[in-house]
Amino acid sequence: MNGALPAIEITPSLLMVVALAGIAALAAVGVIAFNNPIRSALCLVVNFFMLAALYFTLNAEMIGVTQVVVYTGAIMVLFLFVIMLLNLGAPIVKPEAKEPQTLVGLLLGVVLFGVVGSQLLPPLLSVVKVGAADNYGSPEALGRTLFTQYMFPFEAVSILLLIGVVGSIMLAKRRI
Amino acid sequence: MNGVPIALYLGLGLFMFTIGVVGVVIRRNPIVIFMCIELMLNAVNLTFVTFARYQMSPVPAGGMARESSMMAGQMMVTFVMAVAAAEVAVGLGIMMAIFRLRQNIDVDELNILRG
Amino acid sequence: MGLLSLIIWLPLLGSALLALLPASVERYAKPVAVAIAAVTLAVSLSLLGQFQSGTYDFQLKENIAWAPAAGIHYALGLDGISLWLVILTSALSLVAMAASWYVDTRVKAMFSLLLLLEAAMLGAFLSLDLILFFTFFELTLIPMWLMIMGWGNAGRQQAANKFITYTFVGSIFMLVGIVALALRYRAVAGSLSFSIVDIQDTVANGQLWTGAIVAEGAIFWTFALAFLIKSPAFPFHTWMADTYAASPTAGPILSSVMVKMGTYGFLRFALPLFPDAVKSNAPILMTLATIGIVYGAVVAAVQPDMRRLLAFSSLSHMGFVLLGIFSLTDAGLVGGSFQQISHGVTAGGLFLLVGWLIQRRQTGELSEYGGLKLQMPHLATLFFLLLLGSVGLPSTNGFVGEFLSLLGAFQAGYWGMNGLSVGFAVVAGFGVVLAAVYLLILFQKIFYGKVENPENRRLLDLKPWEIAVASVLVVITFGSGLAPGVIIRSMEPSLQGAKLMATNPAGNRPSWKSGSPSVVDKISEPMAALLPVSNPTGGNQ
Amino acid sequence: MFHFAPQTPEWIAVLPVMIVAIGGILGLIVEILHPKRDNNLIVAVSLATLGLAAVVLAFQVGDTPFDTVYQTITRDAFGVAIQLIVVISTALCVLFSESYLREKRIAHGEFYPLILWSATGAMIMSMTHNLLVIFLGLEILSVALYVLAGLSRNEEKSEESAVKYFLLGAFASGFLLYGIALTYGATGSLNVDAIAAAWRNPDATLHTLLLFGLGLILIGLGFKASFVPFHQWTPDVYNGAPTNVTAFMATVSKVGAIAALARVLEGADHLSALWAPVLSVIAVLTMTVGNVVALRQTDVKRILGYSSIANAGYLLVALIARAGHVNGRPADEVTLGPVVFFLFSYCLATIGSFAVVSLCAKNGSETTTRADLNGMAKRAPWAAAALVVFSASMIGLPPTAGFFAKLFIFEDAERSGWTWLAVVMAVNSAISVIYYLSIALAALTDEKVEGADLALAKPRPVSPTVTGAYVLCAVGVVMVAVFFSPMINWIGLK
Amino acid sequence: MESNGFNLIWLVLALPLLGFLLQALAGQRIEKAVGRRTLGALAVAPIALSFLIAVFLTQRLAGLAPGDRNVVVWGGEWIRISQLNIPFEAIVDPLSMTMVLIITGIGALIHLYATGYMSEEREYARFFTYLNLFIASMLILVLGNNLVLLFIGWEGVGLCSYLLIGFWYTDLANAKAANKAFIVNRIGDWSLTLGLFLIVAALATVFPKVSGDRILSFDTMLPALQSILKDNPALATGIALLLFGGAAGKSAQFPLYVWLPDAMAGPTPVSALIHAATMVTSGVVLLNRMHVVFECSPVASAIVCAIGAFTALFAALIAFGQTDIKKVLAYSTVSQLGFMFIGCGAGAYWTGMFHVTTHAFFKALLFLGAGAVIHAMAHEQDMRRYGKLAKYLPITFGTMLVGALAISGFPLMSGFFSKEAILGAALAGTHAQVDGFAIGEWAGLVGLVVAGLTALYMTRLTFLTFLGNEERWRTAPAEIHHESHAVAFGVSELLDLSDPHGFYKTMDSQAEEDHAHHGLTSDHTPHEVGPSMWIPLVVLAALSVFGGFLLQSNGMFEHWLQPMPLPVLGEVRTEPTTINLTMYSLIAAFAGMILGAIFYYRGLPANQGLDETKWTPLRLWQRNQFGFDQGVTTLAVEGGGDLGRSLWHWIDNGVIDGFVRGIALVATVSGGVLRQIQTGSVRLYALVMLVGVVGFLSYFLVASHLAIAVTGGR
């Protein structure tokens, strides 16, 4: 598989996916590039939306919906809420751009991307065949699976959520 | 959607993951770091869904093996979202707590504990 | 429960009993502890009646599987080597209690620790399982440390930490060696065992070490390191002087038994288990012993503190033990083992007297003393008599041990390392001269001259009971010097066994497990050990 | 489509987890009903449920192993043993918590439900071959711990440790997840048993995916187990978190991580020729860094933190030694016995040590340098004695559990051809003597007279529950050694 | 040999031992109860009784055929290991009985003398305890039937010597002299031990299969040694020299003589008994006992001869320079011991013993006489403060004059015969030689010179002490040393301290008198000593006059000792053929006496007076033993001390502990370095983790390619 790059047929769907992915990638860069946390958060929201769209291109409708509801709707709101609450809107921290740590971090990021990407991406450029049924992402499929095969994780996650609830109460309550 | 190479999705996932990692390493605002972690999780989610969709791996023939396989990735994403929610609740709580104590959340200044 | 268990558990439980005693009955702590120790001594002495000499095999054996899966046993046994050490230990524990009689603070704890130490040392001398031995070996450290810290003198913290660090690090290496040995045994025998009887059997028939010279040497040195630090031998002795100087009165007395665990370890474990390594490393160990003898003596002579002086004297005297053992001759082994006992008695006695003196004067600095002979004639006499044992005057026990050790070292020259070992005997012999130097200096500085220090003029002589206790040691010193046969007869077969385990070629070594039909008979011809093995006709020219 | 055949799950396998989780809920209810009361009832409830879980687990010892709940749950001797360790450790932590928390003025009733739920996380991690379940268990364990680390909300160091633990923990979870994703991509399954099948497939791309995935999973779990270079959070967090939480973190959290790691490596055994070398390097680094850096520490909690790093290295040696199938050892000979045994002895000694250290807390504050232990022998003689036993066990001296634990690892490593690793471990054990000894001796040393606050130095009565905790630990450490063989036979791992 | 009838020998040994135990355990009580006289009698009696028994046994021994005079008496087992049996056994033969007679006979006389001499001293009982123990040890030395048993006595007498030299221990100088004696002796003992080891090793070559019973016993050992060493002179030389090293230590031969002059710090009876008559001769006894070895080695014999001769000359020269009366006698002893070794070295062992015997008579006499003088002169020992004492001390003078003549070799007195025999053997002997160079002859010539010197310094002593023209103590009294009584300064306050254990005195009853001599003052009038002291003097004087003649007549002594078991050499001639020995030795003796009389008849020459600035450098040098002792002692004491201290500081504290500290430092420093990255920063931790991740994945990247390459992707 290591020969010349296989010819890829340019289709509209491909172009759309490339566009979505491009925006998502840009937004991701924005998250770490902006000094202001609010801007970062907004970039993250954009990124999450793009991801939701990409899930739809993968036929994972239920996941895509959940992505919008959970991440964009709940988690990011929470983030923004905290940022506002703590009055962190202004960039209170010194810019990191000139620190050696930033340089080393970026360098390592490049290496990480290079190491993994160089092995994974070229051979997979030619894989275009989807193996899953088209309705595999339907709520029905998810629901059936969740309550049969994944009943134990489903029970277990309830403990986790309970911890989340009790934990945040504990962290927030006034009585010390 | 046919015709899109899996490498595109995986590449985006890897890129987002890397950006998230780099962000954790270079940013000093714990909220931003946390957001970068969320970015990593989303990259992972994308990867899961991609693999679930493309089903590259051979799976034992017969039975519901293939179906199990394509659902597994999505299940994982579902649970990751649940976990992320819990983590956010707790994580932001912790940050609030320390902010109340110090009025400052620059992670580089969190260094009483060292050595 | 067998007799040997009784000997170990009596003081151990006694120690626990004392520790748990309510503080309100603290005043009974001393008599109770002494009673327990006395009973222990009585039981130890009763071993003499049970003991059969004439065999190197273990007697009164006890064996309870402790952790069969790991091959660990609660295995006890007695032979000629351990017999006298057991008696010495239980006797000196009583002496240590006598030395601690004037302790006023935390009496209960002190005597509880003394009993614990006694139990641990007895356990170490009676164990036939490496892990059991190691357990007891280590168990001595904490009580000793606590005694130094709790009742010690100036500089105790540093000394105590030095003591425990040095001895502990050494023994950790031994633990590693023990495990490695057991693993090696498992490799040849199929199952783990820490029993020296088991392991030695495979050594005797050559299974264990064939083709594993390096492993044998390495494991031997882990043991040797621990024992050398414990004994202590040059250059591992530096913990000793500080420890002795900072210890409470009982410390050095028990310590002079504790150091025997090192030399005993060589006899019990190193010789039977690592024969080839012992043979090839004997010159090194004899060199260390010889250096220790002379070095200890030279340095002892300039010590400003009497306990330090006696500490270095111990270094010197224990050198003879080591020298004798590693001469791997009958005379040397008997001499070394005998020297163990006699050093215990004389050094223990000297430390006892020094301790009483220090308790009266609260200092060990020699410059604080002088002229005490006029003031305390009984102390002076007893001190001098014990000192004679330490000097190695013929007719004292010290002479027998040193003489035979040196003779053994000299003879070792006829066994594969000509010249070198004669050199050992010559140089080590000079240590005997130097012993006179530092001990006479010690005596002179304490007892001769005029009483210059007004503090000393207040002193009364020893009390009758003190005189009685010390006199017993004096009697032993001279008694065992004049009639050493009692001791030698019972220890010799075991020592011969150990020697043959170390020196015979694989396949012809005696074994505790499967005996040895031929070799022992052949060797019991008296002159055989004097024979030049390598060179049957040549003299030492 | 997607009509997966219904199965009747054998809930008995998850009964212990359920009991503990419900125990937490009961505790929460009690707290809600009586918010201002003392927490004795909650403690009692917690201990009772943990005890019940232990009893249930004890009855499961020796049963035939089986998978259930659609292969998400595995019940085998290893899992039961690990769960027992988790339950016992949690109970011991709970036992000494109340007195400590009250002394530190942070006696929140919610502590107990959270610690119980956290324990269920560790239990879940040990009883599955499913990566999803492992991940969930890990998160249950961790999220509760993030909260608990910040329990002492007026203490900056406690909050700081919570932030650090949370950020780095979530970061590591990211790697773990990405690793699971790649593994999933290669195997099409979330079950570790599928790795072997995927490895047999000749597709090189899948191999690469698998290897990267496996590597990232190891990193994610290695973080929890504190392997170098993913260890740096350990001393800081151990230092800052309340002592009882630290005890829990150092033991239960590590047990869970090691158990999951064992499961993963078991699944990836066919790849062991690839991962064993790199893990052996990590093991050496972990042991050495842990021990060497510990030498320079003065804070006992930090020392124990570094000690836990070093112990993680020893455990890794045990895990590597298990990759022995490749060395031709008969499969039935290679068990996880050494790992379990080491974990148990480590937990007992560590919890005991922290229980003793928790006595340093006074009137809402707590300093835990070695000097703070001085005088322990007078204030609480049994605590000092117990600390000596714990140190001996950590060093690995007979006749304590620690000796047998290390002995087993040595033996396993030697038999599997990892003798050099065993030697490194031995040398490290020798180095560790110094700092363990320093802790034990510090407790036995008297206070310095000058500058000591005599009022504080006066003996304070030690709560019987704390005493109970460390005495139980000490007795356990010795009894495990004494009744070593019966125990090993009972648990069925050797 | 049958030991029938000789078991009494144990009684000879036991009596002094009993005396010792009695004195040690009950001496003070007896003294308090019945007084010193009885105690003294109890001390003398065992020795005297022993002497009587010894006489009886000697007669019985003499009654045996010469070849049978070699009786071993079994005593019991001592050290026994399978290869070696060293029992308690006594040997009764002419050599041992001769010594027993000297020891008990002279010993009894000196005990008697001491009862008077010590009558004013504290710790009377302690003195006799030591003295009785000494007799017992000395008897063990001569009676022991093997070298190890001999060694008990050998060190035992050394111990007693130590105790007695340091008898007045409140003066530290005495204590140091005692230490020196013991330590120097130990050096000799070291050599002796090594010789013993070498013997054992040598024996091992001929006793391969023989039972090892008693191989060190003389009756077994000597024949064996003879058979081995006959063909192995090098081994013989080795053993002989090591044994001689021991003998040189005990018998104060160069260079180990240094302890003997200092030993004069002990009470004078001790000097007479131990440091003149008995102990110092044990080296000669050893050589006699082990003569087989020496006879096999001409080289060793030559060395013995040479050292003997050198010591004789060296010590005689030093003796001439001394002013302390006891020091003169001490160096004289060293010198005479040198004579004895000349005789032994020449192969005529009996001559050495002969001189031992006569020397025991006259040197004991001289010392006791000196003691009487010192006693009379308030413990003043400096001859420069004596003069004209003959007037006050007639008996002492008379007997000492006899002694001086005897040692000077005045014809027909005892010293004359023994010295004659030695010089004769030396000059005639051919045994002591190295490569054909006969050292014996040269030694004999030196001996003649020394004989002259002996006469000279003895004359000097006699004149300075007893004759002359002024009573010099009247013009130059000794400086009076005021003993600083360490009175209870501040002690009473100390007594107030708490004393829960009863360690301390409660009342101020402790200002005890230290032993203090009253100095010699100008109005001092010396008095003759009492009968307990002069009777021994007279007896010894008689022996000094007639002893030599009696023993010499008909070669009695020679025949008594000569058929010692196993002679290797043939008969050793004691009459030189080349020169007329008698004439030369008479010339030497008389020349010495006449010269001495000329120099000193007027009294003390100014250049030897109290004012030492007027001394010639040569004399000063002579007096200081030519600087040898001082040099050696300084080197040993200071050098040893420096060595010890520097070893202690450099090796112990520096190298060893430094090494340990270094290791600890390396560990903690590397720990510290690793700590540097533990900054507390989350970002840094994450970065380090990232490094780990990247490294880990890179490894897998490489490894997977390698694995695929190797396995072809399993």
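Order of writing sets the labels: A, B, C, D and E. Residues in every chain begin at 1.
The rule we apply is simple: a contact is a pair of C-beta atoms (placed from the backbone, for glycine too) under 8 Å apart; a residue touches a chain by one contact, two chains touch by 3 or more.
Being a predicted model, the structure only gives us computed values, none of them experimental.
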Quick one: which chains contact chain B and chain E both?
-> A, D
Larger contact count among C-E and D-E belongs to C-E
If you average the Cα atoms per chain, which one ends up farthest from chain A?
-> E
What chain lies farthest away from chain D once each centre is taken as the mean of the Cα atoms?
-> E
For chain C and chain D, what's the span in angstrom between their mean Cα positions?
-> 44
For chain B paired with chain C, centre-to-centre distance based on mean C-alpha positions, whole Å = 66
Whole-Å gap between the CA centroids of chain A and chain D | 31
Once you find the CA centre of chain A and the CA centre of chain E, what distance in Å lies between them?
-> 101
Chain E residues counted as touching two or more neighbouring chains | 675, 678, 680, 682-684, 686-687, 690-691, 693, 697, 701
Touching two or more other chains - residue numbers and ranges from chain A | 101, 104-105, 108, 112, 116, 119-120, 124, 133, 136, 141, 145, 149-150, 153, 157, 160, 163-164, 167, 170-171
Interface hub residues of chain D, defined as touching at least two other chains | 1-2, 4-5, 132, 136, 139, 143, 146-147, 150, 153-154, 163-164, 167, 171, 204, 208, 212, 235-236, 296, 434
Hey, how would you classify the chain contact layout here, line, ring, star, complete or other?
-> other
So, with touch as defined above, which chain pairs make the list?
-> A-B, A-D, A-E, B-D, B-E, C-D, C-E, D-E
Which residues of chain E touch chain C in their complex?
-> 77-85, 148, 151-152, 154-156, 159, 162, 166, 169-172, 175-176, 178-179, 182-183, 186-187, 189-190, 193-194, 197-198, 200-205, 207-213, 215, 232, 234-235, 238, 484, 486, 488-491, 494-495, 500-505, 510, 512, 514, 640-641, 643-645, 647-648, 651-653, 655-657, 660
The answer for chain B against chain A in the complex is residues 1-12, 14-16, 18-23, 25-29, 31-32, 34-36, 38-39, 42, 45-46, 49-50, 52-56, 66-68, 70-71, 74-75, 77-79, 81-90, 92-97, 99, 104-106
Can you check the complex and tell me which residues of chain D touch chain C?
-> 388, 392, 395-399, 403-404, 406-408, 410-411, 414, 426, 429-430, 433-434, 437, 441, 444-446, 481-482, 484-485, 488-489, 494
Residue numbers on chain D that touch chain E, as the complex places them | 163-164, 167-168, 171-172, 175, 199-200, 202-204, 207-208, 211-212, 214-216, 218-219, 223, 228-230, 232-233, 235-236, 270, 273-274, 277-278, 289, 292-296, 431, 434
Sort out for me which residues of chain E touch chain D in the complex.
-> 664, 667-668, 670-672, 674-675, 677-678, 680, 682, 684-686, 688-689, 691-693, 696-697, 699-701, 703-704, 707-708, 713-714
